[in-house]
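First chain written, first letter: the chains are A, B and C, and each begins at residue 1.
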Amino acid sequence: MAFGQLALALLMVAFFFSPVFPQDDVMELQPEGVKNFERPLVKFSHGKHAQVINCSRCHHDYDKYGNNAIKGEEDVEGRHCAECHEVKPVKGQNRFGLIDAFHMQCRGCHERMRAEDKTAGPLACGECHVRK
Amino acid sequence: MSEEIKKPVNIRKIKELLDMNDGARVRTWLSICSRCGLCAESCFFYLANNKDPKLSPAYKVKATLLELYRRKGEVDYDFLNRTREIVWGQCTMCKRCSQFCPFGIDVATMISLVRTICESQGVVPEGLARTTENIRVSGNQMAMATEDFVETCSWMAEETSEEIAGLDIPMDVHGAKYMYTVNPREPMYYPQDIAMAAKIFTVAEESWTMPSTGWDCTNLAMFSGNRAVAAIPVKAMYDKAIELGVEKIVITECGHAFRSAAFEGPYFVGRRDGKPPVPVIHSVQVFYEYLRDGRIKIDPSKMLEEPVTYQDPCNVSRNGGLWEEGRKIIPYLAKDFRDMNPNRDHNHCCGGGGGFIPMGPEYKARRMASGRIKAEQIKATGAKIIITPCHNCFDQINDLVKEYKLGVKVVSFKDLITEMMIIPEKFQPVENEEEMEDAAGEGTEG
Amino acid sequence: MYEFLTGPALWAAFIVFFGGLAVRIAYLYGLSMERDRVFYNHMDSKWALKSIGHWIIPLGSASMRQQPIFSIVVFIFHICLLVVPVFLFAHNMLWSESWGVSPWSMPDAVADVMTMLVLASGVFLILRRIARPEVRILTSAWDYTLLILTLLPFITGFLAYHQWGSYETLLILHILSAEVLLVVIPFSKLAHVVLFFFSRAFIGFEMGTRRGARAW
């Protein structure tokens, strides 16, 4: 009985503190379609990010007026960056290439946050692309 | 060199000269020399003296001009005397190093500037100081009087006309095509040289004249660094050529005279276009044209059988642009030509240039030591005869022949051409032929 | 620190670099108009270009052929030195993020090899300076300093790329040393990055136009 309560309590604690996402806490970002990675893949702590910023800050699906169709967690499911951002940017389409998209997303945000004197993730190449 | 008490160094004058010459060229050269040392192996002083690093062109500049700028001209006689040994005793301003420097740094020009600075303080090898003084007072380096010069010419005309009928040495002829100018050692010590030139001009039926003034085309003041005095003979020559209305000034077989008259002289006399007022050409060019155009014909039976080589005088070839002309003459004169290596515009200085010969006995040992490269070059050709259209090369190689027992004979183009050319019927003397041949026999070049 | 070095400091370095070179050239040009003008009248672009060309092509001059090993090493040194920073993928990433455009990039593996070539030839140049008397006598501490300063961004960049040692420190040193180098170039013998072309052109037409002599 005591064991059952403890298990329940633990489960509740785990639920409370675990990311609201059904994904791994730390994920390896692997842009689809990119061959020959020059640098080690980035270990991205999704959980940490999700705690401090809204999903729609990163996950986006802009319409032509720049409105983000993604509002919350429920809209994100199953979408991939590479669906819209081709590896090589297509001329005439106002979209970053896939690698640029990643860099702008992460580094761009880190830069802005730092400029606002907030704590933010790293900027230098090797700080994300860490060699083991 | 001299122990007498000197007046203090005129720092102001040095500063002034340094400042005047602190132009974009010198500044760039001094500041971008990357100290790579590539120039070392281009300099025969370095090569001949056991690769002494102090003889590399870049070091010579570093120890002299760069040091002068660094000290802002505040130097003493001790420094200047040491500098004199470098800029006169270790560089002939042959300009070979500027071909071998990645930046084309013109060491010779900078050495020349240092010579000017030393000269302004009276620190100059005696031989050059003497000739400079001669030019200042007389207009020519040997202080020969005009009457003596004119007399020598007419004496030569008289003598030689016995060999070639109708030969004359015209003096101050207005409107002649060529004004022929000489090295003062010709009228002073080797008047046959003038006679030989007269023979060639006569047989080629050239319209030419000798000037009674401005006849000295040499310019040792250019090497002593006194630019004001260097302007004197150049100006006299240009003025005379303009006065006579000649088409061209012809320079005798002398290298530095050509450099002075055609390239540096215009700047000495302040001609901003850098060109002489009357075109200046070297004998080599004239002789080549005569042979090419058939105005002078060579008796094939007299052509040289022995191996022959050619010494490119720096100031005729690299600094004069006439290396091909010299080589094109040779097939008319010799059957077995063997070029030195390196040759043409890349040739090594003989070691007698830049005023080295007139610097006299004090510098002779050094001249012989650094001439080793040339001696070895000559030896490697196996030639028995060496032709050179330059008085300084001529003297230096003669000395080298003795020093290194080379067993070669040094000649000028004039020597060979006058010896081998066919004298057309109309110039044949009428009588006493045998007697004349004796008189013509010993045509030594000076 | 990183933000400062890649922000204001980088701007300053580039401004000093380009501005310094421009001012130096403008100054020398003015000076030459005042004092060396007499030499302009035999200026000739054909000889100037030949003179530059023969010294840009490997072994294109008699002097280089005389010391082929040194010449080839110097050639490799300069080529890699110029190519690596301009065409490095990581640098171009930053360009494209800031300006939306960047030069073509080469694979990191190539850049890695070229960096090692810079370092190896740099070491060769240092050893040559020490070993050859005619070079040693010309060399001062400043010459070594400049050479090391030139190599420093490559050493630190190389180590940072491989993340050998403390990455943050190395990267900071990398950016810092490159900026110092950029600032030093216009005011030292390293200004030969541009002055080379002027002095070569000058000697080219000086020897060539009136005399036809080769300055190579």
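Going forward, a residue touches a chain if its C-beta (ideal position, glycine included) is under 8 Å from a C-beta of that chain, and two chains touch if they have at least 3 such contacts.
Note that this is a predicted model, so its numbers are computed, not measured.
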item: Pairwise touch network: line, ring, star, complete, or other; value: line
item: Distance-to-centre winner among chains (Cα means, whole assembly as reference); value: C
item: Chain A and chain C, separation of their C-alpha mean positions in angstrom; value: 41
item: Centre-to-centre distance between chain B and chain A (centres being mean Cα positions), rounded to whole Å; value: 82
item: Chain C contact footprint on chain B (complex, rising order); value: 20-25, 27-29, 31-42, 46, 51, 53-54, 56, 58-59, 62, 95, 98-106, 263, 267, 272-274, 317-321, 342, 345-346
item: Residue ranges of chain C in contact with chain B within the complex; value: 28-29, 31-32, 34-39, 41-42, 51, 55, 61-63, 66-67, 70, 74, 129, 132-140, 143, 189, 191-192, 195-196, 198-200, 202-204, 206-207, 210-216
item: Residue numbers on chain A that touch chain C, as the complex places them; value: 36, 38-39, 99-100, 103-104, 107-108, 111, 114, 123-127, 130-131
item: Residue numbers on chain C that touch chain A, as the complex places them; value: 2-3, 6, 89-90, 93, 96-97, 107-108, 160-163, 167-168, 171
